[in-house]
Amino acid sequence: MTGIFQAATTALLLALLIVPASAQSRPRARDLGIPFNGTPGPLDAITDVAGVEVGFTTLIAGEGPLVVGKGPVRTGVTAILPRGRASADPVFAGFFSQNGNGEMTGTHWIKESGFLDGPIMITNTHSVGVVRDAVIAWQVQHGFVPRTSSVEGAWWSMPVVAETYDGFPLNDVNGFHVKPEHAFAAIDGARSGLPAEGNVGGGTGMICYEFKGGTGTSSRRVETAAGTYTIGVLVQCNCGLREQLTVGGVSVGREISAEQAPRSARAGAASDDVGSIIIIVATDTPLLPTQLERLARRATMGLARTGSSSGNYSGDIFLAFSTANAEAVKKPVANVQMFSNDLIGPLFEATAQATEEAILNAMVGAETMTGIDGHKVTALPHDRLREVLKKYNRLAK
Amino acid sequence: MTGIFQAATTALLLALLIVPASAQSRPRARDLGIPFNGTPGPLDAITDVAGVEVGFTTLIAGEGPLVVGKGPVRTGVTAILPRGRASADPVFAGFFSQNGNGEMTGTHWIKESGFLDGPIMITNTHSVGVVRDAVIAWQVQHGFVPRTSSVEGAWWSMPVVAETYDGFPLNDVNGFHVKPEHAFAAIDGARSGLPAEGNVGGGTGMICYEFKGGTGTSSRRVETAAGTYTIGVLVQCNCGLREQLTVGGVSVGREISAEQAPRSARAGAASDDVGSIIIIVATDTPLLPTQLERLARRATMGLARTGSSSGNYSGDIFLAFSTANAEAVKKPVANVQMFSNDLIGPLFEATAQATEEAILNAMVGAETMTGIDGHKVTALPHDRLREVLKKYNRLAK
Amino acid sequence: MTGIFQAATTALLLALLIVPASAQSRPRARDLGIPFNGTPGPLDAITDVAGVEVGFTTLIAGEGPLVVGKGPVRTGVTAILPRGRASADPVFAGFFSQNGNGEMTGTHWIKESGFLDGPIMITNTHSVGVVRDAVIAWQVQHGFVPRTSSVEGAWWSMPVVAETYDGFPLNDVNGFHVKPEHAFAAIDGARSGLPAEGNVGGGTGMICYEFKGGTGTSSRRVETAAGTYTIGVLVQCNCGLREQLTVGGVSVGREISAEQAPRSARAGAASDDVGSIIIIVATDTPLLPTQLERLARRATMGLARTGSSSGNYSGDIFLAFSTANAEAVKKPVANVQMFSNDLIGPLFEATAQATEEAILNAMVGAETMTGIDGHKVTALPHDRLREVLKKYNRLAK
Amino acid sequence: MTGIFQAATTALLLALLIVPASAQSRPRARDLGIPFNGTPGPLDAITDVAGVEVGFTTLIAGEGPLVVGKGPVRTGVTAILPRGRASADPVFAGFFSQNGNGEMTGTHWIKESGFLDGPIMITNTHSVGVVRDAVIAWQVQHGFVPRTSSVEGAWWSMPVVAETYDGFPLNDVNGFHVKPEHAFAAIDGARSGLPAEGNVGGGTGMICYEFKGGTGTSSRRVETAAGTYTIGVLVQCNCGLREQLTVGGVSVGREISAEQAPRSARAGAASDDVGSIIIIVATDTPLLPTQLERLARRATMGLARTGSSSGNYSGDIFLAFSTANAEAVKKPVANVQMFSNDLIGPLFEATAQATEEAILNAMVGAETMTGIDGHKVTALPHDRLREVLKKYNRLAK
């Protein structure tokens, strides 16, 4: 088994993987001795922020040639519920587009209102629409009324759905294999605990620095004069050229590239960064929307430390939210807490650190995958990575 | 007949109205003597900008009580093709969100790249997703490859789909009655000539200043030192309180309101502006993306002249594009033309003027509509409007 | 006396006018019967927002030909202190640039931090620098330490200084006649009560819709479910073409223009809007920075109602602040209040209304002024204005 | 001599250093074996972009205790002239604020018009005003009329002046020692060739990663399908905590910190990044304003590679301009060239690379400086730096 589920029939197999065994048994980035700064939370995951729940629907089916509408299928849906499934209370949020060759719906209202209302969904580029409307259908079915955008008796919803691209060489992206029930399953399956990493959910068919990419997560605990807070990050990582890949400050991609030629990750991609990265930052710090936008802007700095310079074809869109200030909405005048800008610097640094680690967790957690016509996208080789780090005296253990 | 098509069965009736007779026979705003500044183009429509094509799918079916998924249905889809169906050449574009309680997908890439690639679609709030993915499916079927976002052999698409809300009291918005084929039909039916106004396309179920709203269009010809250019505007108008409605500078809404109480346009809407307005500005002036964003920002000023102050619940998102500078994309270094900022002032004024007139064309062109449980949304009464304008010596004819 | 103080010598005469008699004796816009919507505060001024203080330094000296560095001088400085001179406590703030052909320093930090720290100064275009550094010098002299941008023991200041242009035909703008002491005087002279209007402070040499412009103010009281709040506006108005001028919805400028040709307000200005408008919005509503930016964006809609479409040469930059949430800064976690977005619509409308009235107060309050080589800028003729409004049955009294 | 000029009197000594011998004799970052990616231009400086000229005024005088208005003085002014002194032709430009705790005037108009008109000046925080107005005075004196903002016969100017803070422990920032003639001298002294680095111009009193900072520059040549282009960067570097300093991917700051305690760079600065960085990016690639904003946004990624996460107190504001498209202004319709977004990725990477190197050039080029009360800010020790890089096998030579 190489991490590719081989379905016996062409019918799609819906595999809802919350914490798949394969992910559990694989080491994470710091297990390999990659050096990181800062102190992670207990899970080293976005779910270290209390209340945050994550769910995945992973779709892996079919092999052989591309038949649009038939497969092969290597895709999925990720759902992040800021306050978990039990709560319809919106959160303060802010976003930043470092390079807008991507989609994240719902951002006009986040920018306007300061609130994020409902789950954050991440899927493939051509399934944003179906997932968006499915979130509304889910809200209709569950009597969930968005609280920020609408008035009583006439509610409307503007779901947040982001994407990265998983077409050739892995997935039949124009086959529209993601269906509403896959979005429902990701939401309904969301839970706390360590999320799966690598080839799961929206990250299933992703490619990162021309190795296999996917979903990754990390967290940092930050001691401040106002108490200890947590920053959690989850990425769907699909960006970068191999020669850019930087681990622990070392140009690992160049070294490994020398002896193991990258498969052209995307047709025509040899000359540029074809892919994207969605970065979700969660915190329990009582930050206002303005401050969360600041946090989102620091995700760029973590991304930069892994080597990317946000190429033209990369949709690098980042969203930050805070689980503090519950029930701030729908009161004529709400009492809210505001964390001091004077103390925010360490949160910026923690965001950069957790972003860097989440990206490497996605890559370390991913397994080699074959897709269309047997095209293979190789996982970052753990042993070679350690060798290169050792050469530069950068192994943390 | 009052403009409401009464379907004999609950099955949806797909009526593709390009230039419906009813719209043709109805007067437009300036026919009623409403005073406007500036000189319109031959059609006084967005299609005065050469190449622009507009198509509608109008869905009207069912009566009686609301049964989610059954109806009544009063909704639709509008398609605007900047260079018409024959061209896959993108256009320079810029957008502006005056109040982001709304959705317009695809804007991250417009802001990043300066290009708009593909059609502009407008529908209801809860059908943005299905229309978005349908645009991609249409592109797949027609071999249309977006030219700005992707590389050869690995293309992805980020369609631009905007919305305004048409739920209670007219449409079963949570019934998801818009299907992919309705989006296809709007695109395939797009053509030049005078577009229908009022209850058509995405504007079918709209309410504006607590009268019946919908789709409206207008244009201005602008003489400049660099030649004569056209500004065309199309709106999907669903915003405003009756007391705000201003026509020719006269607070018409207050005067009419006194004798003809508004039906609560939206449940709970008595106290605020519940609705939205999408404004699309087209021009043949060779404006760069930065300049088109400036143009989009002037739509606010035309909107303001009709009385709105962009209430919290109003998604007022504006998009401007230029049909000049064809084939600017995919050349290593393209020769493009830039209109001088020094001459741009009259284009700003023309945008405000055409926006004002397009909104009033939507209202004048709309007919009274009944929806859920027989709720009726009354059209702006033409005779009363003329009486009020006459009282203030504002009739242009 | 025509409102021009004729200094006996070429030495500058520093006239610190808080509530000059001439301004007091002149009617305000609503005294003339101009119709306005909404309910003003007791003073119909920005100072209806408790705590706000306004000070002016007005510089009028010299006549005859332009001698750069000698005069004639028709300029000044306006200071707005959000919490008055007694307080160094910053306020939440947000800004918006409708057309950025202008300067407002300090906005990078307002956008980043959400706070406005120190006074808001408005002067002429070429004196922004001297006023900016003078604010810092004033802070040094008074032991005023900006609280948001800096740490203890190493403070820096990023003053907010805006401008509109008062060169030909009135003022020797390149003579740099504004000195640090003029900025000090405006700050030190700030007080509550009705501010002067018309040819005072930074507004001294301004031209608006090709009539004499200047400083104007207005306010609105807004009843909400959370209590009654005040919106106050102060403008420094220097924008617009006469043909655009709209009062009470009537194209007054066109009517008056027909019989009283405008003096070319600015050389070369015949074809476009050469000038600018700075709009400051104050409120006691507990709005967060995100919400104040929304408020600032509504100033556009009030401006639009007076006829402008923000021409290329107009620097239309707007700043909104809230005096609520005192002492929100420098606490590790501050308890702040947030007004509901659900109730904010009437504040938007009030901002548009007060902006419209403040502009007309600036014009009605201004007196005809002669400047360089005897060039005369005529005040809006009150009697003709009333005649035109009467013609359109728009006189409120 | 330790690089501190000891003036014999308290009178200011104006030292106009174009290419000071001390800077020439010092090694640059790559001379020390610091590894960099990419290919620099002949000078490895912003002046590799043809036409760009740089001038400095360096003010170093006084010792001993701080007497406000007397000194010690360690400050200056930097001028960057995009097309050199001989040209008044504006350039396309775009900017980005990664953390707006800083000032850069003139940006509203850059964002609005897409043009940068006049020189770019960089000085200390409290001298932005004097330098701003001095630029206007220089324009008046030289008959230089800004071409983008104004009409014939009524010109106004909105100079671009940025800053970083040089107060305690080096400079009497509240003494306002920068005078108009210092700004004039920087402009008049601008020339091509290798600019001085380290303690020169606006960078004189700067501190970077708690070592001595200042002015640094670098460049990259980029081969593209449309020809070879140059990216040049100049930074005024005053940001960062020592523990963040990263060189060649190695946490150099932590290693050196262990044995050589940092002097508190700024009072109270122990816990956060107190300082700022201004990054100016020049290119000869024919980029439109939208594209230059994209370039500016990549400066963040170069900054991130040196370890910063843009702390709360850091004013990290970046400006990019293109010297292509000469004479694009003042024509009714100008023919301009647009470089393809498809090819822009390598320019992004080059911007990040040149930014990283420019920062390290500023640090390597700076010399230890003593200031107020003999406080000493230590230069980055070249030998220790090499030792640490060698430990991690990262020495390029």
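Going in written order, the chains are labelled A, B, C and D, and every chain counts its residues from 1.
Keep this in mind: a contact is a pair of C-beta atoms (placed from the backbone, for glycine too) under 8 Å apart; a residue touches a chain by one contact, two chains touch by 3 or more.
This structure is a prediction, so every number in the text was calculated from the model and none was measured.
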In terms of CA centroid distance, which chain is the most far removed from chain D? B
Select, from A-C and C-D, the pair of chains that is joined by more C-beta pairs in contact. C-D
Counting only Cα atoms for the centres, state how far chain C is from chain D in Å. 35
Based only on mean CA positions, could you tell me how far chain A sits from chain C in angstrom? 47
When you check chain A against every other chain, which residues touch at least two of them? 99, 112-113, 151, 272, 294, 313, 341-342
Show me the residue ranges of chain B that touch chain D in the complex, using the header's touch definition. 112-115, 148, 151, 224-226, 286, 288-291, 294, 328-343
Residue positions on chain D within touch of chain C in the complex are 68, 97, 99-113, 125-134, 136-137, 140, 149-158, 161, 165, 167-168, 173-174, 176, 266-269, 272, 274, 313, 315, 317
Contacts from chain C onto chain B in the complex sit at residues 37, 98-99, 244, 246, 248-251, 271-273, 294, 297-298, 300-305, 308-313, 341-342, 344-346, 348-349, 351-352, 391-394
